[in-house]
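One chain, chain A, appears in both complexes that follow, with chain B as partner in the first and chain C in the second.
Right, the complex of A and B next:
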């Protein structure tokens, strides 16, 4: 039996020539300095990607890419298919892991100057992989086809829709029509399971091939300058003098880390469970704030914080500029110092980018800038603001609910946070200023002028004018005599 | 750089641990991540739980637990005794036109199914019906006759002025003659308040405006008619 297997193996190997290739790869020398714990993130990303392919194929056997069935098939997986929920959890969290690992890998190769001569194309292939992975994350979120998917798509379409002249066509292309519908889902399914994975596998191949052929980046030493005419020879010499075979020395660390990552993925998926689906993607159902997956949260915060007039410009030029810069990087600074110690500017850029994206993400997780859609009917006026109010002020409190001001403004800490909390508005604004704010709006608040009767404005103002903490006087208009706080 | 020396034995055992942990985790049925039936997202139109229905649709204005909201309390036993199901259903389904009470029936553009409105009404009555007899001798929810506003002025002076003050100036309680206020509420609401009161924010019911002198049905109609006569003509109540 074993003899038979062995002879089959020999036959195959003689034809495929695999054994020698693998042995070559395993034995290829790498600089001793790069068998380091800093060099493990790329391979970990690859391992998670392979896991995503496996879980993805399993999911595809159940998932139905039809607008009226997609959501139900996920519910089926979550509740009826044994361990279907775990499969979904692995795939969903795997995606988060992969994005996170890839960004760490990106930062590491950037800081270690690995993109410099002669590895420009390795970096470019990596950038394509970055875009493809984000594309997978985005299309995957859409396949969930729940309300958050709507949100993600809505933002995507609104960015694309702002492109001058061709904007409408682009939206049509993405959504398969002017609106989000069944066509949209089929398109994203095709992208998610055929187009982008094919690109990914192709570019992963190229990326790895280049890493093997050009050799892994050596540990950067301050003062060791990359020059086009001498670098390759210097690298060869380094590998000869101070190199070791890839297996097992460098590969060990990769394996251990990959094992740890898989283990933590298994645990996280078991504890946190599958991501979504939340409510059905029915545009007539307006529930509480839909939220994108975490890697898009910072975009969500950014758009909420940007003044509206900058949005179009930034949405269109921002991504193009950032992606362009990323691709151009090795051609802009392809030689010179590799060590981060001699590249303070790059370190500052990394710190700035990480803090910016980190802060925005953090803000995005806890501060719901988009309105809380059901606050108006679900969040009671705090009892303190009801007690001791006149009938007109009470009607003002009712109108703050019925005109949905609560969706953007909080009272007693509850309600939307898009606008300022109204609890102490009267210490900041006089009655006239409150009237102006309500009627004319401004600063991201809609103008209510045409939609309110004079009686409604009077009631709202009467109520809001009582919004000053006990003991803190209301704002006074110096041109008018002071009025007692709760007079009409 | 520190490095951990590993031989193939330890690598194998690591792999074994990983796969063991994997099977164990995957095999276990009561993992915290497993979605529970309670997490199953419900279509809003399939929600049948009273607390959820009330909490998401009514609490904003009528208060948590049916009291102390900006609009009339739903847990007031007098109120629940005088209002009949048909009237309550009409208000919830169609809203109160010209006021902030929105229509909730899907047929009127609202979010709730007929069944959900039934559940809400049943839930309100079941959760909050108070002491029996609270509303004995109360004037009816509807007035059968139109009131007389000049007699209503008298009723106001004797029964309401002590708190709401003379000449629309307001007293210990604020003015109810305010033109804007009257433009925002319906006559029925005035009548409901006068009869059932607002115990949650200190408004007496019909028996206790002046102790020992409950208002008669005619007096209630009269004072509502008088207040209604003070309501300004439309311009103030129309969009500008």
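Right, the complex of A and C next:
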């Protein structure tokens, strides 16, 4: 039996002529320092990508890329197709895994100075892979053709529509027509299934080829400076003096980690299940709160928090500038120190970027800037705030609910966070200031002068003037003499 | 020009040059239908047509109501996405304001709250007054409005494309 296999192997190798190439790749020397647990994230990203291709092809055998059928086919996959729910879960969570691993790989490569001479193009190819992966994540979210996908496309189109002069034509091109509809989904299907995967496969090939040809980056030692005229000789000396064959010394760690990643993906997908779809993509169902997937939440937050007058400029130039800088990095600092210990500026950039994206993502999970659309009708008024109140004050408490004040202002920790909580309004504003704020608005609050009668304003102010913690006196107009506490 | 090189123009590399030239022309011609096909959604300057929102009796005076229409440029496989909602505000008599559903910030669907007479957006907290003016939040302009007319007892709007800042005439 083994003889037969061996002879088949010899026959194949005589025709394919691959044996020697594979042996060379396996035996190519890598610096001993690079056979490290820090160097496993790139290969793990690739492994997850291969899994994505497999699960993606399976899903494509059932998923229907037509606007009137896509949502139904997702429901079919989730509930009727045997194991459809699990393949959707593997594909959806695989996407999260791939984005996460890719970013860890990016940070590691950046901090280890691996983009420096002569590996500039390896980095550039990696940047293309980064864009493609994010492109897959966004187009994949669109193929999950639900309410979030529909309004997410609206957000994308609205950003594109801000481009001067040609904006409205760019919108037509993105949507494949004048509105988000059948051709939009088909366009994104073509991108997600043909165009971007082809680019990914091509650039993964280039990326790997360059890693093999130029050699894996050595562990950066402080003081070991990259110079264009001597680096390649120094690297060759290093791998030959203090090198190891790639197999098994470096590959074994990649292998173990990739196995663990696949196992954790299997477990996470089994526990968490498929991602969506949420409501069907019917734009007339406007009782919806559109949110992007986790890895785009930080952008969603950024659009809420940027000062409005900077938005159009930043939306259009920001991505170009950031992506441009990423691509230009190896040409800006292609030589010099590799070690993060001697590159404090780079470390600061990483800390700032991670903190910024992390904070914005965290804010995006509860988006305090959005009104809570049903707080006025669905959230109870805290009992303490109505106990012992006069009829006029109680009428004011009713108005706080019925005029939707609570969509933006919380009471007892429940309600919107767009404006300040009302629990201690009276300690911050005098009665006159409360009247002015309600009638004229200001500081991001709409003016209610037109839709409140004087009697309603009176009741509202009477209620809000009682909103101060026990023991903390209400705000007082300093131009008026202090009154005894009993008359407050 | 190096005479030695020109002398070495053999039949074979002459044919090779002809081959390159023919392919360059062929590929350029091939690209024309491809590019035209891909760019075709942008072939019209605007996508607008008159479409009815139903009888005037559906819209009581001094009220703002949700309405919907089927996109005039609908495809057979658009499904529910061909339905587009909009807000109709009837003032006195045949005076109307017909607002696009899309927030002018980033296109999310604004919701009307009759009690506080505000439109609120669930995405980034944009708020508009009953007449569409900006009240609060990041939106850069008032709500988009459709052109409308009243004909044969019906309300008609001039609609068909997703309104964006580049395409404000919804």
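The rule we apply is simple: the second predicted complex is superposed on the first by the 358 of 488 C-alpha atoms of A that agree within 3 Å, B and C clash if a C-alpha of one lies under 4 Å from a C-alpha of the other, contacts with A are read in each partner's own complex, and residues count from 1 in each chain.
The working rule: a contact is a pair of C-beta atoms (placed from the backbone, for glycine too) under 8 Å apart; a residue touches a chain by one contact, two chains touch by 3 or more.
Treat the numbers as computed from the prediction; the structure is a model and nothing was measured.
Of the two partner chains, chain B is the only one touched by A:37; chain C is not.
By the touch criterion defined above, A:271 lies against chain B but remains apart from chain C after alignment on the C-alpha atoms of chain A. In the superposition on chain A, A:418 makes contact with chain C only, not with chain B. In the superposition on chain A, A:280 contacts both chain B and chain C. Once the two complexes are laid over each other on the shared chain, residue contacts for A:172 go to chain C alone; chain B is not touched.
Touch criterion met: A:402 reaches chain B and chain C at once.
Judged by the touch definition given at the top, the superposed model places A:394 against chain B, while chain C stays out of reach. Touch criterion met: A:161 reaches chain C, while chain B stays clear of it.
Contacts of A:451 after superposition on the shared chain: both chain B and chain C are touched. Shared contact residues of chain A, touching chain B in one structure and chain C in the other: 280, 282, 287, 376, 402, 450-451.
Within the complex formed with chain B, the chain A residues making contact are 33, 35-38, 75, 78-79, 83, 85-86, 89, 146, 248, 252-253, 255-256, 259, 262-263, 266-267, 269-274, 277-280, 282, 285, 287, 374-381, 383, 386-387, 389-395, 397-402, 406, 449-456, 458-459, 462, 486-488. Those residues of chain A lying in contact with chain C across their complex are 66-69, 150-151, 154-155, 157-163, 166-173, 175-184, 280-284, 286-290, 300, 303-304, 306, 308, 311-312, 369-371, 373, 376, 402-405, 407-408, 418, 441, 444-448, 450-451.
Contact residues of chain C toward chain A in the complex are 38-39, 41-42, 44, 47, 66, 68, 71, 73-75, 77-85, 101-102, 105-111, 113, 115-118, 120-125, 127, 129-130, 135-140, 160-162, 164-167. Only residues 1-4, 6, 8, 11, 14-15, 17-18, 21-22, 25-26, 28, 31-35, 37, 40-41, 43-44, 55-61, 63-64, 68-71, 100-102, 170, 173-176, 178-181, 183-185, 201, 235-240 of chain B touch chain A when the two sit together in their complex.
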